[in-house]
């Protein structure tokens, strides 16, 4: 069994944004040499997500609006977590909705994707260096 | 290490529905010959989900109502994604809530399930051919 | 390839609570002897979750409040599932939001975590014996 590990680093200049990381994950897969197996991609921070969906600008703006409806950033005082001096409780909830990780099948050395599947890193508390983990196992 | 791949195809006649795919996944597992490992099942489309929960008709209708409350289909104009000519932005959001994939342990050649765990394919933009992927690795 | 399986049992005395199970998962990983691989942790019940986030008391209370807003326990009659004699439809929905499972990379015999990642078992219908599954594969 082969295994391969790679960190992807980000420094998103705004509080929230979506980054298409499909090319970086494909590069990690090529580096791994794995032909058949599983590829895990997860946020290593608890105020960020990794998820799979469509790379369409309108849809990304729909998520931004929708997440603000379901888990609004302000008023900060609505969240007990923010009493600790943080202001990012909403980021923990938004990450809950979008998920921590994806597991993707690896087949014939490729990410085994449907036609529109793309991998995103979702930042909900940016303006600092953060990272995602790619771990690939197989043969 | 063994690996096995199988696509499950659907053509759900309505816009939304839930399909219990546990028997098809169990069949794929038997075909794989894997005794110990992991079984990934994921939607290959970004307007559909694979999730695990109870096969109870009332509960399935509760999800339908609840998902419409949290991510309503109409008015279509509320979503920027629908300006592209699509009408399925809500389906992308519903899929976000229900999830893309499940990873199930394989033990002694069986899906290693608690008493009520069943695997569902959730369609949120049906009336066309779509598919899920089963990928099993192990020994 | 090695594989290892362990059940973690709970009997949460209240209807809802969060339990930090990181030490138990780390112990299972040591017992497995796996150095490189993947570690799946999933609830075996469909009214409970396993998720990864921050171990901060204020945040845990924020989740409790937020989940009650998005999927309230009462009135019980609002859910078709509760017509079966159950009162736990909300627990199925809360589990949907928090997720069934996590998959964690195993690197050099450790859970490959960012600085604040902790694994929680979330109980939404407690006061009885329930369990989570740890399945580890690798070398």
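First chain written, first letter: the chains are A, B and C, and each begins at residue 1.
Going forward, contacts are C-beta pairs under 8 Å (C-beta built on N, C-alpha and C of every residue); 3 or more make two chains touch, one makes a residue touch a chain.
Computed from a predicted structure; not experimentally measured.
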Contact graph of the chains (line, ring, star, complete, other): complete
Comparing which residue numbers chain B and chain C contribute to their contact, where sharing over half means same and under half means different, the two sides are different
Distance between the CA centroids of chain B and chain C (whole Å) is 20
For chain A, residue numbers touching 2 or more other chains are 1, 38, 70, 97, 99, 103, 137
In the complex, chain B touches chain A at residues 1, 3, 5, 38, 40, 42-46, 70-71, 79-84, 89, 92-93, 95-97, 99-101, 103, 131, 133, 135, 137
Contacts from chain C onto chain A in the complex sit at residues 1, 36-38, 51-54, 56-59, 61-63, 66, 70, 97-99, 102-105, 107, 112-117, 137-139
